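Order of writing sets the labels: A, B and C. Residues in every chain begin at 1.
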Amino acid sequence: MPFLYENRQIVTPGDLLAEGDYLAGFNTYKHDSKIYASRLGLVEYKGRKIDVVALNTFYIPQAGDLVIGKIVESNLHGWTVDINSPYPAILRTSEALNRPFRPQRDELSEFLDVNDLIFAKVISFDRTRDPNLTIREPDLGKIKYGQIVKVSPAKIPRIIGRKGSMIGMLKKETRCNITVGQNGLVLVSGRTREDERIAITAIKKIEEEAHTTGLTDRITEMVRKERGEVTQ
Amino acid sequence: MTSIMVSRIRRQQIAQLIADGKRLDGRGPKDYRPIQIESGIIGKAEGSARVRLGKTEVMVGVKIDIGEPFSDRPNEGVLTTNAEFVPLASPEFEAGPPGEESMELARVVDRGIRESKAIELEKLCIIPGKKVFVIFVDVYVLNHDGNLIDASTLASIAALMNTKIFKYEIKDGEVEKKPGFSPLPLRDVPISVTFASINGILVVDPWLDEEEVMDARLTIAFSKDGRICAIQKGGSGTLSPQQIIEAAHIAKEKTEELREIVVKS
Amino acid sequence: MTEKIVLVNEDGIRTDGRKLSELRPIKLEVGILSNADGSAYIEQGKNKILAAVYGPREVHPRHMALPDRALLRCRYHMAPFSVEERKSPAPSRREVELSKVIREAFEPAIFLEKFPRTSIDLFIEVLQADGGTRCAGVTVASLALADAGIPMRDLIVACAAGKAGGHLVLDLNDIEDKEGEADIPVAYMPSFNAVSLLQMDGLLTIEEFQQAINLALEGCKQIYALQKEALKAKYQAIKESAEVTEEE
């Protein structure tokens, strides 16, 4: 039996995508040798594997992910961090400080306080226990400048682009520093508010049109127009 | 109580037996547990009955009062059904306001009685638009060992069958009680049959252990003339349309048996 | 008693001009509330219903969390102004029961086991009621869940069939529901031929019941096609307009 949809056609949960010797990839599942979509998205047939690129998802942590989070609570052993996920994350003092924590002398809030933002890496998660974070690596830690944009985590790969093409273009064209959290939060910091505004507008447009083709070119053009550098 | 937590192994055991057409307590798929009905056991109530369905035990008391009719039914009496999961009936039951389970039970029992038009409500009007008899059916679950819906329906209809209404006269627009009673006018005896679907196989009258492993529950009530008068599916599984029709045919047969037991009691 | 209302005339036409097995006009919109993780709106005849989904998210109160799957909670609620006589905003027994059966209708469809210790909260608000609100509520809630990106085995679709004026009819409106002989709401997963909600009130022979179920399932299949269209429409429009700009 051939594929039942064209590549990149929109499918909905319960749509039968293929029948026979195929593998259920992202956002699909197998039932009696039939592959069905489990999420609204664009179907991608890749040889024997079938994926659905979801149009909207929420963030489920995975070890190795880089995320942006907000400190919501501090306790004896560390901090609880909101990482825009159903599962709150834990940052232990040992993963935040470069030296042992001394409860008698150190005050946790001097390092990180409630409402602080951090850029962190997920070190473990298995759904039976909450995810653990670390900030003891280069480029990780407390966020001090910039603005946060929230997008659907499903759109993060599109914001990064193939081999970083989209994000590379955005940084160059908007002259902003852009840090992408896999959890759907993006940090934008530029030299001027106007640079940041343009970058944020571009990110929102990528989110909205993530499922369309020719996006990088359209975004480049949009940024240049916004900056008053008409290309024609 | 063994049945609070049904282990994985027990689930397998129950499901495998059912696949072979057998059940853990020795019954066949279409067998009810032994049914015992005692009528008129609460003297203070206008009608009452206690039903034992295996170890499940339900008492129903019927109380009668005078109240206002519904505005869209000015010439009819009012039926009100309530179910109480009494805390002594199960370690799972807690005192407090009724939960969704007991509300569902009350509404399903009510549906069978109401939709079969079992009570001749139009005969319960005292002063049209102003005063009618209100029939309170209170279901009291005393011991929960599964299939509360059928036990409660049986107990309710048995209680209604021995319910008496006080005689009255109207003096200056007020209702005054007179000595003597007349029976509650009934025209039907609705009976429900409840199934559990376990791995796609239907069994009637599930006991607690079966309820805890079932995928879905299906209740079908029939009126005396063999018509369906109420249905309720419960549980977080699904049923195929074929299963539903099969269940309707089995239920029709079973309701005839059960009705005979109630009428004779 | 007042005069009996004629629910179906000699030509087999119903009070609102429909044929016996005709659905009311249905309008569906996806993604209309900005705060919710997923949302949708339905108009089915005079019914106007909103659905919103929050989650998966942390469970509050925490002790309700389940170790092996997500907790699905559902609230079906009617606005006080949704019916002729003002309805008290406190949940009635009917609303509690419907919330339960609607939740149970969705449990087999959602991959709850993938998100242990979280909750998925589903809210159905009936803004205007005209019969068949639980079915329309299920249909629209399914779109809100898909919009929220909650993985599901299939969309759940619901439709009622029943008997009114002596005829088997599809998708009963308010008068048919109140004055008719029987009403059977059905929720269904078309890809698996599986019924996940079934109720009936009224009086029907087994034969009539069987026909009515089949009629309801036919209705479900028609609405299922509309659900898919509505979900795709939200993104298709953006796709087309964006790609047209590109060709210019």
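A few remarks follow.
Assume a contact is a pair of C-beta atoms (placed from the backbone, for glycine too) under 8 Å apart; a residue touches a chain by one contact, two chains touch by 3 or more.
Because the structure is a prediction, the values reported are computed rather than measured.
A linear topology is adopted by the chain contact network, the touching chains following one after another without closure.
Chain-level centrality, scored on Cα centres against the all-protein Cα centre, points to C.
If you average the CA atoms of subunit A and of subunit B, the two centres end up 53 Å from each other. Separating the CA-averaged centres of subunit A and subunit C is a span of 33 Å. Look at where the CA atoms of subunit B average out and do the same for subunit C: the two points lie 28 Å apart.
Counting partners per residue, subunit A has no residue that reaches two or more other chains. Shown for subunit C are the residues in touch with two or more other chains, namely 189, 192. Across the interface of their complex, subunit C is touched by residues 75, 100-101, 103-104, 106-107, 111, 114-116, 218, 223, 226-241, 244-245, 248-249, 252 of subunit B. Across the complex, subunit A is touched by residues 37-38, 55-58, 67, 109, 111, 115-118, 146-149, 151-155, 189-192, 227-228, 231-232, 235-236, 238-239, 242-243, 245-246 of subunit C.
The residues of subunit C lying in touch with subunit B in their complex are 1, 93-94, 96-97, 99-101, 104, 107-108, 184, 189, 192-206, 209-210, 213-214, 217. Of all residues in subunit A, those touching subunit C in their complex are 10, 12-16, 27, 29, 31, 36, 38-40, 54-58, 60, 86-88, 127-128, 152, 154, 208-209, 211-215, 217-218.
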